[in-house]
């Protein structure tokens, strides 16, 4: 997924940029980058953050870099920020999102123009930020370029630009799938994805950008709108379910509190007699606290995450180590498991492998019952919009494997998204039996929407019901089927 | 403080050693080390872990090192493991603890013997492990050497040895101040400090070593006692209050559950009307869960720790960054603070600076009341036994500053340790007012002892009441006053 | 300046590419790079070689990279090889040379096309290889692109391409200012700049490319001409005087032997009674051997270069060290200096600072006389063609400072290039006196041309006489004056 | 072998120490180290220099370290400098030499004292510097300790000490096998092995230490003798033949000039009709210049060493690269070989493998005749005194393989050291034929001694004739045979 941060200030902004970017570390594990524009021109640093945190890798750069305006990024795709020169001048660029039609975009541009794009020998492809930059370069102004990006990109793309003249431009993706938040303090403005970064850096929350909105931030504290926000919005519900840091709020809705409400709804809809409620860290913990409070049950931690070194899931380069990663993160506390009937909350079920394994460990440690409560509905449609890594290909999803095996390849998916249908119930029972839980319940979509607190039509719930404003006629094809194409 | 791990196996043990050592990462931030004995002899790797986790620094070594027996260490003092040759042969050594009389020990040995000791240009001193090795080398056998170390060291010293012949020897400090736990699986034995490392590596808990006990572990699963454990024991209570990882148990008492009981006792003794209970992460969270449950109040997180990069308090090398460290770790969730009467649990108060600052932030975010509940009694005596970094010099302690200012330099400390005395109440009120809390209560020592669940005489409670089995006549001088010296 | 190497083979070619590129280390000190195309696609490695040799920096890459075709480069300008994707496909690219009109080329392209170019935050500019790639991308085929590069670039540009299909394409700059040599062994072909790399890697010399020639090399040993060589040629004479490695030959003329002949000519034209002949390492040594033999004098080394660590002039990052660099490289041998009349040969005089300093050191060590003999004529025109770093701006040249001070800014330069003119003699006497030599003689241009052994019209002698085939009407303006522009 | 440097100054000496140590880089390829004593106490840096030069590895340390007195070392054995604390205080130590009886010394010390020694996991042994330190620590003063080291060490050991009080102590090995030279400039004194380092750092040569001499250097320029030099001296002749840098002088005899005389003697004794004389770089070049001058033949370079990256023989870690190392260093110049009768000078023949290979390459390149002239006599006895790596075990020597095969295991070696004996002539003819030379001549020992210019009894010529002052009765057993042992 990834996250980004931009700062413009009357003074040196490297420290704010460093900490502001660092607070997006939970959003990516591949590359980190910072670029500042100062008296020495653009200065940039990019590091591999696969096996050490952003802060470890960049702390030496803080002393070396300086400038009044800059960009930082945690990227799961390509090394960023890029600094490019084109007819519009020289600028730095960071992007966040997912470009589904990247190959088609390149072919289109190669046909029109004598373009060249850096090919990354690390990833074996041209990076999305490179392609966004090329679209910008093909326009007669950066504003026009920003419009073009939003028109052409299928998926989502939020980005920030620092021009050689020292302007900081911020663009949120067309449907506002990823959040962009603006903060202000005396002499400085900041734009970023995770609002939790604001208070410790002394910024007040100004507002969230609207979908597709483009603004310029000035060190005087102004937010100058360059492109008005669009009407339609589809912010990803998973920011509240799983992605977002608990202290962040998007569109005015706090993550931690939404999770308490998620847990509360689960408790009301799916009561069960139990001795304690626990959660699968990190996000499951908040859901479980909400459940325990609503159910009047004791919250206790059957598992603790070993955060000192497993804070992030670094991917070790040695094969012997890699096999251990999944098993090592969570440590059981046998005294809180043995002879107990446990409710365990988790954010979601993708393949189900991990949660099934934890259930086995609970039983092995003497648990009497395991009642799994999942904070969101079953995932039926793999994400096409923000590179949400938890739902990769269709048949990675345990739901789709069940549907294929029971309903056939062409099965009507819709009935599996209706919690009151027999097909849905059969699917949930299959998952429960398959993963070995005593009981299993998923959140209802209306409860999830109520927990978040935004109107359903402002949220992307595509994973759960295949619906999204970008999809014409509510067809689950993401605009790929003949009918939808015709409609366009 | 530090932690260590030793493994002996019929097969290569590098992976178990790596992960086993890594699970001690919460105990130190200075140097990490691993040493294995295999077909290529002793192989060793030592890295600075001040700005990156043990796992990041050692993951490449895992592929490079191999052997059937080895030692790992997280050290806050000197680079370890050492590999030394002496009349007893060549051996690898790791130590954990605190040697108060290190200078006197060196002078004594220089007088007796033509000894030389590596001087560390990093720390500007001879390291404690070097000195322990020299004591071992001065004996006619490693067993005799181990006895000598326990006799001579004032403070504490647990250690492990791998001999060139492939033996793994494990020694717990004389009074058992730090834990040493033995685990077994088919074909392998492990010794370490944090029992939470056992389950994920597949080891069953065999037993804890007794105070001063020395054993040899064999790959066949035997634990051969070489020195019988002593009678007296004084394991540090702070392992339950603050140091230990929640999933660990020492002497059969689990940390997380002890913290729930701590919170429960606090709730019973110091009830207050409130809207929610929260804890200062990490250890305060468990104390708060116990409090909330006992008090029937809602647990909610007014602060969340940004674990992705602040899992451990790395000390950045750049001054600009260093000033930010304390402020950056915890992020407030305003919606859980505003207009609320909050109970906040924390493990202990040393200087009080941090907790005072958090209280100010709570009020700034709109909290109506802040009721601080501290999981242990006031710290009155700085630790002399295990390098417990939270209580440094006397007047670092807010209690001692109060006592000095109100009772004078020679004040009777004992009355300040009695929760029913007026002096104690005056001191607590001073701290409350000074740090700006609505109310403040400390745990009573008897409640702490009951929460841990061991007899008081088996615990070190020196910080709280100045009493310790190593101190003759229960004098708080740690054997330094004339009377105690005479008694010796 | 820089150097490059390309290999195509039926087997893995990483070792040949590594050593082949390494043998160009005397040509650059900034960045090194290697790129291979193998089963994993393009793999690339680029390192900073400012403070450690190419071999040190790349030896770990040799085990990691593999492929049947690849490019290597020692670059004094931008990080290379680039790997670019454009309408013509994906290809890797290395370049050597100097693009004087780089800014104009970019502006022209930005006007025509929606181009974007990576801006280097290290050098603060767009790199020349990036621009060459963009010219290639603007064409309908790589052949047409290669023609365009030769047409558009003012200066020189040789380059090599590896296409994603595995072709190795080699292009020599329009006037053949830098050499490109082809070698063959069973199952492999190589293209590079320094022919001295061939024998140790087992390659036989096939032929030198002609000026502007483009060929494709196949692993079967074929050299397929894609663009025929041009008529005019102007290979830089300085390859024989100073740049080239002694064991290299260009256009069939060996460097070491040319230097012996240079020394011989100097001895015949400028005889002097002396006790010994020495040279300023490295290139001065060979000139001096030729002088000594011709003059029947003893060759002896008054200075020795400390090659173990001063093999290349690394530029240290610490200021304190930087001041020492110039002084540290050469070590005097007093016994070979004291009371002696010395002839000292050097390749050329730019500012004269270094040679003047060495003369002072010789006198300080007791030398009776210092007779300086310079292997080429006085440098009057700064190089505009190959980034020859020894002659930077006009008034860096001691000759031009003399001419400005004695003839005025608009002085006729031509008479100072005629060794028989009074102006020339006055200039040489000025230099001699200014630098403190007993006597001073420069090579005559006709003698230099004879020493190299190529027809004068095939050589670039612009530094010495301002003449070059690319300059219309033999005007020294390099095509910049109004008349020349009209003629174009 | 290794080399060292010590500086004491009234001002910061890090720059002099850095460059002074760097000028010993030709003497070792394993570890480099620097240690300074300044206001922060001892500061130390040690780096692996196996794959990058000392200067590359230490240039960052120069800015970080500071102090008025310090030690630097190029070590082929153990990581140095050590900093040790013992009854005599804390001191830094560097050593150069060879301790043959290291194991016996340790056993002896372990018997007497409760000693411990750091065991190096890199080398799999206790390092010699560690053992020297232990001997020093066993004495009642550093002077007594220095005497003990000279008494006990079989082989040689020169060393320098910096005490915590800031004294710089310098000790030359008992027989002066390795040189130690003292230099002085205003406010600074330097001690080192290679006198060539003095002029560029601005030091005047004061004097060489005598054999076994111990002195203290003061920043006021005093050389205070603490142990008087011994009578007997046996400086290694190989410093002039091969080891020493040309610009260095030992005992007043310059290396470069000695090599010219070596070549001159070879030319007089072994004249041959030839077209040119060349040398095998580096040391063979100087021998060849002397030969050419004496013989009136032309000197020309049939081989050139690729110094830019092969300045030192780094040992690459990748096996594929390692096989190339020997072949890559020297590059032939075919035009100087073809159809020529060549005299080629080299310093010595050990196994003969390399020289045989070069001869084959010469013939392959068209040479008509190869007349090898070796600057020293045949090596018959492997060095036991200074870790001279060129003559390892007995049967590494081509001479000894011949003697074993022709004279048997117990053959009288002496006759093979007499250039006038038939046995000697048979041996030389065997080597010539075996290695494929047209003719072969070795230097006579008397000519070598004359070339160096010191009395034979002051030189170690053990390699050539088995004679050395440390050997009783001139027996070639190095004190190992029964008779010699009795004599002791």
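In order of appearance the chains are A, B, C and D, and numbering begins at 1 in each one.
Following the convention adopted for this analysis, a contact is a pair of C-beta atoms (placed from the backbone, for glycine too) under 8 Å apart; a residue touches a chain by one contact, two chains touch by 3 or more.
Being a predicted model, the structure only gives us computed values, none of them experimental.
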item	value
Number of hops, chain B to chain C, where each hop joins two touching chains	2
Classification of the chain B:chain D interface as same or different, half of numbers criterion	same
Computed distance of Cα centres, chain B from chain A, in Å	37
Separation of mean Cα positions, chain D and chain B [Å, integer]	52
Whole-Å gap separating chain A and chain D, where each centre is the average of the chain's CA atoms	64
Where chain C touches two or more other chains at once, by residue number	none
Touch-based graph of the chains, sorted into line, ring, star, complete or other	ring
Pairs of chains, among all present, that meet the touch criterion	A-B, A-C, B-D, C-D
In the complex with chain D, residue positions of chain C that touch it	15, 18-19, 22-23, 25-26, 51-56, 59-60, 62-63, 196, 199-200, 245-247, 249, 254, 256-257, 260, 282, 286, 289, 292-293, 298-301, 304, 306-309, 311-312, 314, 316-318, 320-321, 324, 327-328, 331-336
List of chain B residues in touch with chain D within their complex	35, 40-44, 82-87, 90, 106, 109-121, 124, 126, 133-134, 136-139
